[in-house]
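Chain naming follows the written order as A, B, C and D, and within any one chain the residues start at number 1.
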Amino acid sequence: MSRKELISKVGLRLDGRRADELRRIRCKLGVFSEPDGSAYIEQGLTKVLAAVYGPHQVRGNRLKAQADAVIINCQFSMAVFSTSERKKRPRGDRKSTELSLHLRQALIAAIEVEKYPWSQIDVYVEVLHADGGIFPACVNAATLALIDAGIPIKEYVCACTASIANNNQAMVDISHEEEILGGPTLTIVALPMSEKIVLMEMSQRFHLDHLKSVLEKALEGCKNTKNILDQAVQNHIVDVGASTGWASTGEKVKR
Amino acid sequence: MTLSEAEKTFILHGVQENFRIDGRNRDDYRPMELETSIITHAFGSARLRLANTDVVVTVKVEIDVPFPDRPLEGKMEFFIDCSANATPDFEGRGGENLATEISNTLTAAYSSNSVFDYTKLCILKGRKCWKIYVDILILECGGNLYDAISIAVKAALWNTSIPLVKSVTIDGNNVDMNVSENLSDCIKLDISAAPLMVTLCKIGDHCVVDPTSAEEQCSQGAIVVAISKGKFSTVFQTGGGSLHPLTLMEKLKLGAKVGNRLEEALSEALSKIKENGEMGFLN
Amino acid sequence: MPVDHKRINGPENTIPYKLYTKLNVKSFKEALQDAVKNGVRNDKRKLDEHRRIFMKTDIVSQAKGSAYIEIGNTKVVVSVFDPREIPNKNEYSLNGELYCEFKFAPFSCPKRRLHQQDAEEKQNSIVMKQALEPAVCRHEFPNFQVDVYALVLENDGSALSAAITCAGLALAQAGIPMFDIITSVTIGIQGDLKLLDPMLHEETLCYTSINKNSKTGKNSHGIVILSLLNTHQQVTEFYQVGSLDIDDIEECTKVLTEANKVVVPLVEKCLAKHVIKGVKESSQ
Amino acid sequence: MDENKILICVPGQRLCLLDKTHVNGHGTYERQGYIYSSLAGLVNVTTKDGIDVVEVHSIGEQTIIPAQGDIVTAQVTILSQQFCKCIIKCVGDTVLSRTYRGILRREDVRATEKDRIEMYKSFRPGDIILARVLPITESHTYQLSTAENELGVVIAHSDAGHPMVPISWTEMQCTKTFVKQPRKVAKVVPENHNVDNT
């Protein structure tokens, strides 16, 4: 099988990035007014919207309510126009159900679930444009939306993908093009500050020897993502603060 | 959100005084923001924000076979996706009823050839035609979905360009098409007659246009009209309630007037849209 | 709605043979001329004349109330069932709900219909619900829903308005409290012609738009369905498809309001018959 | 029957003016000072204290929904420590064609010693009970009460499947095995007591 070189001799990837470079991340908190928290994130061309409702009374079957923890309810949905080929259904297929479950798992690790017994938090993510790394973008967007909703979390929960190129070189944040051409993709969700891995998923295979380097790359990616998100959150708080007036009274908030 | 009786009375009185809770007159719209070409995967797209109502419409074009009883016409299909981002009620299959209602209405409004010329979509009689998929994603509901969607659909169709088919050759049963690869020679759709919908919400003895979701809760029924070049392409009543025939005529006349005004505003807005402006959710 | 996965639906893409017969190659103009000659239609009706209407109650023995209507060749059966709890709903609703299901029988149209509801049937169900809801005293059964099922046995035009009139009759027979008798009439417009109670081929003509060679440039066409509460003169549903201007609509509304008045005595008579029959049975 | 004497009406028919001597009753509604019929059936005017109550009675089975204060016959389906769920089968003496869900809470089982009620000593699944419908609240099911002497279990079967007969207000005994079981027994009023009502 002839595979295209994913990293050229000068060390550049198909879209001109280096092996350890993330795609450009742009994000915004509080894009909608109806939900309690919302966020929009762009990672390269991948665009995701997230909305958070809650904590509120348990909807539907009341028996689901837990005495010791809040219920996290996630729904992953992809707009029919998000892929180049038109999708038939936005959700309900096996892949989106699986991603909803994974998202839930990732968020439970970060949210202080014991603070809201007998309640429920809804997290909805909507993919507007899919260009590789959908799931990491969803996790990052959901984290921002949770922060916007004011739900206490232990720390940022970030996700990143990594892969192996040219059979030996690890590279981070895989785009759609690389996903198709290259082989294995490792997705991890981590708590970057405590360096804990919450969820790890892999497609296809590579040699066990490479796992360490790829994992490290992915973790590095998570940490970098966290820094970007952190910056965005701080900017948002300053903006909101300025508009409500507290920022002008005290000394200038450190950016 | 549920309103108490006192709040409803307050809204009702405001409508009577022609001074609504947000300071508008009965036939005023809330401010709108329109962007086009925001989805790169699509042939045409638009996003409309009408106060708190937020919809994204994209158009995709595929090749299909015409209906046997209408060999000279192309096809158009509307698909509505009620995102759970808008309200938790839409989770799972919760938004499906609303989605069918809206897509049926759009199909009815676009059904006539004098509203949208389907013969332009035909490539080869009885064999090949363009099928237009209009996908509508509802991101936030702040009332008045029908109007917002119809404006966004029209803008998205305006934004759409269909690839130019240079030549068609028939070889037995096979049809070969030569589609122009030059990005600049694309066909724009003629949307001058595409309908705009106006919802007239009956509150007390009066009708308001562009109701907020609070006003929708106070309404005793609404009438939706789709106006295309001053003519009605679809009219239907919704939300319970009934009207006297004479009142009905009055409302229809009002609807036509508002529809024409909306049409003017939209074409003015579309003419001002610049390519490659800063847009999207980041702003 | 549970979907029947085991049913074999037959081939998906079939074409009625009639499309290829000689009758079908008639041009639109010829078809229009055939349908109306000197103000007289195919079946010797005038433009503003109803077809013959027959109505009967108590058709389905399992249902709480049922009715059958024949308008020319259009035949519809409607059955109404007892109020039941609204499924999958937990909050309290002050008003009861109507659940309407409109279905064409597989053999009712020239083209075979599938067993599942298609988009047109769903739309008709929504229109029917809107038309019936204001007629029913919904506050008398809070938290409950009344099921109304309409089945079109033969569709020869005006099926939706036949179903609405018939549903009103069935609801009254079922003893569901109602504000008024509800009737519904369809009108089709093509150019200057206004065809009351159109038949299927007339409906098809009215849906077609003639872009070219219209001399007046007016080019009106479409279908209007008007449902009316008669005593209170309230329009419960005004449904229009096509392309009409305000003058056309105004005229249609006038014609349809008058046309509804013709149907009301028939419904009343049918209901009175049902009551008399019930009285006789109980006295025996 | 003389057909000329009965008065038939259809929904939406204007019956008479609403004034001090005419009020609208069952099967009618009031709109802009007139009484209209809401059913297809026979007009029935009853005079009470000099006021004519205009009613319309429909032909055939009535559409009956349990209302507050009605006595209903229900079957117990699910029993827990706090409540029992039941299916309402009859309202008054009308058998329903469609059943409704009901719920009987622990504190509504009897009028006295409410804190000492134990559900499993009052009912068992399968019992047929008489109960009264409590005011309808926001909840979706009907709330029932048996806190009257005449209300409670009327038909019960023992574990062996034989019918049981009441031997006291709190106990029933199997007719075959003579096993005693605790129940909240209803004092069944003999039917000939209200013969004049039916």
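Convention: contacts are C-beta pairs under 8 Å (C-beta built on N, C-alpha and C of every residue); 3 or more make two chains touch, one makes a residue touch a chain.
Model, not experiment: these values are computed from the prediction.
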Both chain A and chain D are touched by which chains?
none
Chain closest to the assembly centre - both centres taken as Cα means
B
Quick check: how many Å separate the C-alpha centres of chain B and chain D?
51
Cα centroid separation, chain C vs chain D, in Å, comes to 39
Between chain A and chain B, what distance separates the C-alpha centroids? Give it in angstrom.
32
Chain C touches at least 2 other chains through residues 229, 232
How do the chains pair up in terms of touching? List each pair.
A-B, B-C, C-D
Note: in the complex, chain B contacts chain A through residues 39-42, 45, 52, 54, 56, 58, 60, 62, 79, 81, 83-88, 91-93, 133, 135, 137, 139-142, 280-282
Which of the residues in chain C end up touching chain D in this complex?
64, 81-85, 89-92, 137, 141-144, 172-181, 229-232, 267-268, 271-272, 274-280, 282-283
Within the complex, which stretch of chain D touches chain C?
1, 3, 6, 8, 10-14, 27, 29, 31, 36, 38-42, 58-63, 65, 97-98, 100-101, 136-140
Can you check the complex and tell me which residues of chain A touch chain B?
26, 28, 31-35, 38, 40, 42, 45, 47, 49-51, 53, 59, 73, 75, 77, 79-84, 86, 90, 92, 122, 124, 126, 128-129
Contacting residues of chain C [partner chain B, same complex]
15, 19, 119, 122-123, 126-127, 130, 133-134, 207-209, 211, 219-222, 228-229, 232-246, 249-250, 253, 257
